[in-house]
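Quick one: this structure, given as structure tokens, is what I'll be asking you about.
Letters A, B, C and D name the chains as they come in the text, with residue numbers starting at 1 for each one.
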Amino acid sequence: MLLLAVGAYVIAAARRPDGGRQVYGIALFVCIVLLGLALGHLLTGRAPATLTLPLGLPWLGAHFRLDALAAFFLIVVNLGGAVASLFALGYGQHERAPERVLPFFPAFLAGMNLVLLADNAFTFLFAWEFMSLSSWALVMAHHQEPANARAGYLYLVMACFGTLALLLAFGLLAGPDGGYDFAAIRAGTVSPGFAALVLALALLGAGSKAGLVPLHVWLPLAHPAAPSHVSALMSGVMTKVAVYGFIRIVFDLLGEPVLWWWGGLVLALGGITAVLGVLYALMQHDLKRLLAYHTVENIGIIFIGLGLALAFQANQMYASAALALTAALFHVFNHSLFKSLLFLGAGAVLTATGERDMERLGGLIHSMPWTALAFLIGSAAISALPPLNGFVSEWLTFQAILISPELPQWLLKFLVPAVGALLALSAALAAACFVKAFGITFLGRPRSPAVAQARETDRYSLVAMFVLASLCLLAGILPGLVVDGLAPVVGLLNGGARLIPQHHQPWLTLVPVVDVKSTYNGLLVLLFMALSGFAAAFLIHRLASAAVRRGPAWDCGFPDANPAFQYTAGSFAQPIRRVFGSVVFQARERVKMPPPGDLQPARLEVKLHDPIWERGYAPIAHAVVAISTRFNYLQYLTIRRYLSLVFGALVLLLLGMVLWR
Amino acid sequence: MALIADFLVQGCQMLLVLLLAPLLTGWVRMIKARLLRRRGPSVLQPYRDLLKLLRKEVVLADSASWLFRVAPYLIFAALWVAAALVPTFASGLLFSWTADLIAIVALLGTARFFLALAGLDIGTSFGGIGSSREMMIASLAEPAMLMMVFTLSLLAGTTELSSIARFILTADVGLRVSLGLALLALVMVAIAENARIPVDNPATHLELTMVHEAMVLEYSGRHLALIELSASLKLLLYLSLLGCIFAPWGMATAGAGLTAYLIGMTIYVAKLAFGGVLLALFETSIAKMRVFRVDQFLGAALMLGLLGTLLLFVSRSR
Amino acid sequence: MNDLGFLAVTALLAVPAAAALLLVLLSGYRLGARLNVGASLLSLLAAAILFGARPEANLYLRVDDFNLYLIVLNNLVSFTTSLFSASYIAHELETGRLTPTYLRFYHVMYQALIFAMNLALLANNIGLLWVAIELATLITVLMVGLYRTRAALEAAWKYFILGSLGIALALFGTILVYLAAQPTMGEGLPAMAWDRLLTRADAFEPALLNLAFVFLLLGYGTKAGLVPLHAWLPDAHAEGPTPISAILSGLLLNVALYAVLRFKMLMAANPAALAPGPLMVGLGLLSLLFAGLMLYRRGDIKRLFAYSSIEHMGIITFAFGMGGPLANFAGLLHMTMHSLTKSAIFFAVGHISQVKGTQRISTLRGLTVTHPVLGWGLVAGVIAIAGMPPFGVFMSEFLVVSSTFARQPLLALPLVLGLLLAFGTLLWRLNGMAFGKPDSGPTAPVQASTLPMMTHLALVFVAGVWLPGPLVAWFHHVAILLG
Amino acid sequence: MLHGLAFDVAHLLAGGMVIASFLLLYQDRLSALINVFALHSLVLVLAVAWQAFIQEAHHLYVTAGIALVFKVLIIPTALHRIIRRLGIHRTLEVVGGVGLNMLAGAALVALAILVMLPVTATADPLAREDLAFALAVVLLGLLLMVIRHNAVSLVIGFMSLENGLVLAAAGARGMPLAVEISIAFSVLIALIVIGIFLFRIRERFDSVDMQAMDAFREKRRR
């Protein structure tokens, strides 16, 4: 246990810019060690280990505690960290400004680990803010592009906002005389009104970090701005740390009393986030930004699960709550896997081609087949396709939704199916989006010369990606084991109630409630598919022809030599843009068709409006500017005016004194 | 021993769907031809086509990648497994619990995913048209389907097809508004998913109207054969889905013995034939709609599904 | 033992005074700078001795927990600043902005200022306190006007007028306190000795005390730069030599606030008098919000950080106004952290404006590329002052906000709003200066030691992670004293 | 008997200072203003001296002496020379009307008395009355500073304010450091006057030279 904290500090200490390999090597090693420890702790189900260092608040010290919840998230964090470091062993060679990345990468990892281990409010927020800060530094690594600088600024301000919200929440939990220790907070009770306030603040704080709509605006700007292995960490892992914060506060620290409408609130937010996230993603042509928006979507799915769990707990339906929680945590795990994988893939593409804009990519499957395979697996997983892992967690979420009619509250009765519809919609749209992402990027023909010369990435990167890909597959076909692994965490958060143990189900089938109700067996699905597929291939090649002739594409008899004739990302998204975008983004399309005989190309102009930015954030910014401009003239007063200010203050106070009595 | 028997039954169901699929397609084509006062090809024509295609060599576009060659097998496998998991003549078979209704829907999604990717692989304009439209349609069809699933599972308290079928058979469900809505939604989805009129036209090769055909435009030889076979499997799947959910009568239960199985099989075939006739009638009596009307069509399906679910609460709370 | 302490106290006063006199005679700026540093070091040592040995209070001077750490801080920062000013002033001489004569004057004034501030901190007699602060004001006025540019004169003049008014008000307040005390304490000096006053404060005339506090708050508040009495502060910071800006922000504001707090204790000791809390809370919030807004439109880097000083004075005043052990502790901590951090920032700013030859923010870009040490130093300083870990300000802001929200949720909201506002605006400026494509300005490396800056940042960092036990004990003790 | 007399005289003199302050408010010619200020200071001198006499506090005589030499003689003459040098002989405009200012002044005096009312008579009545008047003088001086544009009149306002302070200090029985304070203040005043003199601050010093000010008050950038 001591080694955990020590290890975290070792990472922090390892911020030496002498050669990336050492740093990443050390990071890799420490992450693996931590991973092993966390796994051991989770599986053996030992009692929570604690550690107190004489740091931080003097009369409190820095408490660290490792319980099941922390252990699970430690696994998520350090798995991602290890893989990212591994990837960076190769990827780091291409880094333009290593001195701006190396020092902060281990610090970032350390920050995330400390958040998970922290056991009092001060340490928690300290680590939380430290995490934001180091990731900010990483976002600013390529600060010479103005867009990145802006992204970093927005990111840090939103992070500060979130921290302040959490700070207020902890203030309420700790009470006026500052019982910041988590143990004290758990022991204490909060009045229902304050509890609701704490929930709202936790939503603001953790939500702004996790990218919950409408607090997501920074996310799609900041995540892509960082170097790709950092983007993988931020998107795949840091958002999970934020989810951890929410769970820790709402499920663990706040405890009872839970009101049913909390669940409804979180649920609705989750549903909206999921759909809006994927719609935003569909409108993007920047590969990494598309992925970042998908993080928003998946966060929405996770929060749907959490909201369901809250609703169930509020009605003492702990078995159902266990199902919902399992679904949410499972999705946390899954998303950390495939989102890291996808970002790493994007990073590989970026280094190979120097392009992030999908409109200039294409045909990479020929030049970098392995990356393409890994990315394909990731895409299939995030699109919730069986037999991969993304499907399992969404399936569990659906199962949890299907129990909802047993909820007594009418509002929830109606809300939950609606959210279910949103979830289904987002899943389907995600599939569409990743057909676009993979198809336009890797398939077809190269759209720019730089892409044509692309080479396959280095070994480290490939290994890193395939580790994740194989984990995606394993978690997909053996979900029962993961669910069992999650059981102690769920029990911890759910008053002991957990799902029935899965590992001795026949054929390792996943049986959330009872087998007549709903079952799923990824292993068999995979087996059947493999069998039938290979059988078909074998038979056909043996009995029928196996001959192949290469020729030009048929394409209904239109031989188009020019790759520009291919469908682009924009044109691929056009039908969906028409269907959804015109409502959500007021998407407007204008075709500029040159007059006949004119040789200049016809242009399609698409105008998209971001409703949340334009309605929510821009006004605030304008207000600040306006007010500060208004006040600014106070800088230019004459001394006499300043004197009269003092005079006025004096007279005012004296009057106040007279009236006070 | 019993286990082996179960294996046999399961296997025979897999083979059955595989064998029946082209027949169904042929049947629908024939009925359509007759309705149009044509003689039309024989019912067995699809089999002949498949065999012919299988024997032909494959002409691959230069820009085709390994994905393009793997996709047909993947699609075929996914659809076959899905079709085999839908109870056809008997419910509660050995592996029926492998995947519930949601999983089956997702399997269809897998097939679609790879089909769309294959459409994009060559890098032609038509492939792109097909894929993007297909995904747009799917993005609406899948939620509608899932809403239908919600309705059923809320009604039957399960997402296992066999259990649903059993529930519909045993419990006195009566005529339920939500069931009707669900049926409607499912039918609309089925039409859209199988690229039938009015959403798409399986027979057209007119560039701007085709969706499914545009994606598979570049396929030839055995690959095309697999694609065609998968398409008919899909049609079969939806019809048997309709059959097993809304008309489960005559379906044998597991281990009911050979005779029961045979009866079930004949009734199943009859159901398929009937469904095919209905489909042909519908298709001949309606005109194809613009691509951008499809979203309204499917949006209606989605709304119906949702409405069905909500109405269920109303009727349940009584 | 005790006489050792007494020796130290006398040294604290005598060393700067003697150094000042010596510097008057001494020409040659290099020698002057050295002497300046040496004298500051000596007085720092003397302050350090006070840790071990405290003299018992007499009618004029007194050392207790409260002023002890301020004295040490004071001499520490003035020492590091003298180090910084040595290299800074040399550059000024090269560029010809200052002549050796002015430099001599500067050094004399520097020591005199240290003397005045030490006196103010040590004073046990409220009259003496007032005299010392007036002296400090006059000296800083002269130093602000050192450059003799029109702008500098204007700033000095503004500072002079407003400062004198503040002094006058403070004096009136002091007289009122005496009048309140005189009936119970009898005539003469004891009625002005702070510690004696504190013991008997409950018997004083409450109405007079209230009146006195109003005047004192306004009078010393003017020195502490609380809105709306702040007007002199930004210009004085922007136009004076940077070491003086560092001293002003880092020390003089603290001293003024210290005076206010002394009288707050008196008020708190008298149950019948009005609670000083609300007044201070109000002024604090006003300063915080106002400064946060003003930060946004600044174009001069030193003026920017001057406004940030106002903001932090607001936070500190708010904290002490809230009272209670947590908030008071936070206030004391924040005082320390702010003076260390802000002076570090001004060190960085001084070097930057020297190597870049400008103070305009709009012309500073990509500093982390052109001058990594200075750039990152500035970044670290701003991050620290903005209240982010791993720096000490985070701890104090954590305590202030959380404890306030638990007690007065409605008060915490404007506080948080102001913090967020200040954070956003400050960071916006930083973003422009430290990052982005470097401008085509001079990129000559700074030829001065960045040691002082580093030392301060290191101290702040350590404090953010770990506070030494004795310091904590003091803070707790003083926090209880402050009620 | 003597005590009553003492009280009355002190009262009279303190009241006289308030009246003098009102005169200051009323004056709108610079030279006249300076003369009135000399009068103001003279009254202060008498008041302080009287306090010294009745308190047998001899150090107060020093204070009075300083005030006499400095404020009644040196400063006014210096100011006269300055305004002649700066060539300010025209009438100076007053913000608002004289009548308005008078009204404000009256209100301030009322405020001062109101504030002093709750002070129970435990403090000796002498100090108490004096205090009320001193406060009034302070406030009036502040008002004068606020309503006049001119540097010289600002200084005069400040000095009258300071006179109020000295009055209060003298009124406070046995207040130590009274002398030191008066000296310190004299230094302050001297510096201000020198400042005006050195910096050649003409009328409306608060707007020295617009360009110069814009240059460092960042009006340019926006």
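Throughout what follows, a contact is a pair of C-beta atoms (placed from the backbone, for glycine too) under 8 Å apart; a residue touches a chain by one contact, two chains touch by 3 or more.
All values derive from a computational prediction rather than experimental measurement.
Undergrad: Looking at C-alpha means, what's the farthest chain from chain A?
TA: Farthest from chain A by mean C-alpha position: D.
Undergrad: Taking contacts as defined above, which has more of them, A-D or A-B?
TA: More C-beta contacts join the chains of A-B.
Undergrad: Using the average of all C-alpha atoms in each chain as its centre, how far is it in Å between chain B and chain D?
TA: Here the centre of chain D sits 99 Å away from the centre of chain B.
Undergrad: Provide the C-alpha centroid distance between chain B and chain C, rounded to the nearest whole angstrom.
TA: Centres of chain B and chain C (C-alpha means) sit 78 Å apart.
Undergrad: Nearest whole angstrom, what separates the Cα centre of chain A from the Cα centre of chain D?
TA: The separation of the two C-alpha centroids amounts to 69 Å.
Undergrad: Indicate the whole-number Å distance between the mean C-alpha point of chain A and the mean C-alpha point of chain B.
TA: 35
Undergrad: Pull out every residue in chain D that's touching 2 or more other chains.
TA: Only 115, 118, 142, 145, 154, 205, 213, 218, 222 qualify.
Undergrad: Residues of chain B touching 2+ other chains?
TA: Residues: none.
Undergrad: Check each residue of chain A and list the ones that touch at least two other chains.
TA: Correct list: 629, 635, 639, 643, 646, 650, 654, 657.
Undergrad: What is the complete set of touching chain pairs?
TA: A-B, A-C, A-D, C-D
Undergrad: Under the touch definition given earlier, write down the residues of chain C that touch chain A in their complex.
TA: 157-158, 161-162, 165-166, 169, 210-211, 214-215, 217-218, 222, 228-229, 231-232, 234, 274, 279, 290, 293-294, 296-297, 324, 326, 366, 368, 383, 386, 388-390, 394-395, 398-399, 401-407, 409, 412, 416, 419-421, 423-425, 427-428, 431, 435-437, 465-467, 469, 472
Undergrad: Along chain D, where are the residues that touch chain A in the complex?
TA: Listed in rising order, the residues of chain D that touch chain A are 108, 111, 114-115, 118, 139, 142-143, 145-146, 148-149, 154, 205-207, 213, 217-219, 222.
Undergrad: Please give the residue numbers of chain B that touch chain A in the complex, ascending.
TA: 14, 54-63, 65-67, 73-74, 76-78, 80-81, 84, 95, 97-100, 102-103, 106-107, 109-110, 112-113, 116-117, 119-129, 131-133, 135-136, 138-143, 146-147, 150, 153-154, 157-160, 163, 205, 207, 217-218, 220-222, 226, 291-292, 295, 302, 305-306, 309-310, 312-313, 316
Undergrad: Give the list of chain A residues in touch with chain C in this complex.
TA: Contact set of chain A toward chain C: 54-59, 121-122, 125-126, 129-130, 133, 140, 143-144, 146, 149, 152-153, 156-157, 160-161, 164, 167-168, 170-172, 174-178, 180, 197, 624-625, 627-629, 631-632, 634-635, 637, 639, 642-643, 645-646, 648-650, 653-654, 657, 660.
Undergrad: Could you pull out which chain C residues touch chain D in their complex?
TA: Contact set of chain C toward chain D: 127-128, 130-131, 134, 138, 150-151, 153-155, 157, 160-161, 164-165, 167-168, 171-172, 175-176, 178-180, 182-183, 187-189, 191-192, 205, 207-208, 211, 235, 238-239, 297-300, 303, 360, 362.
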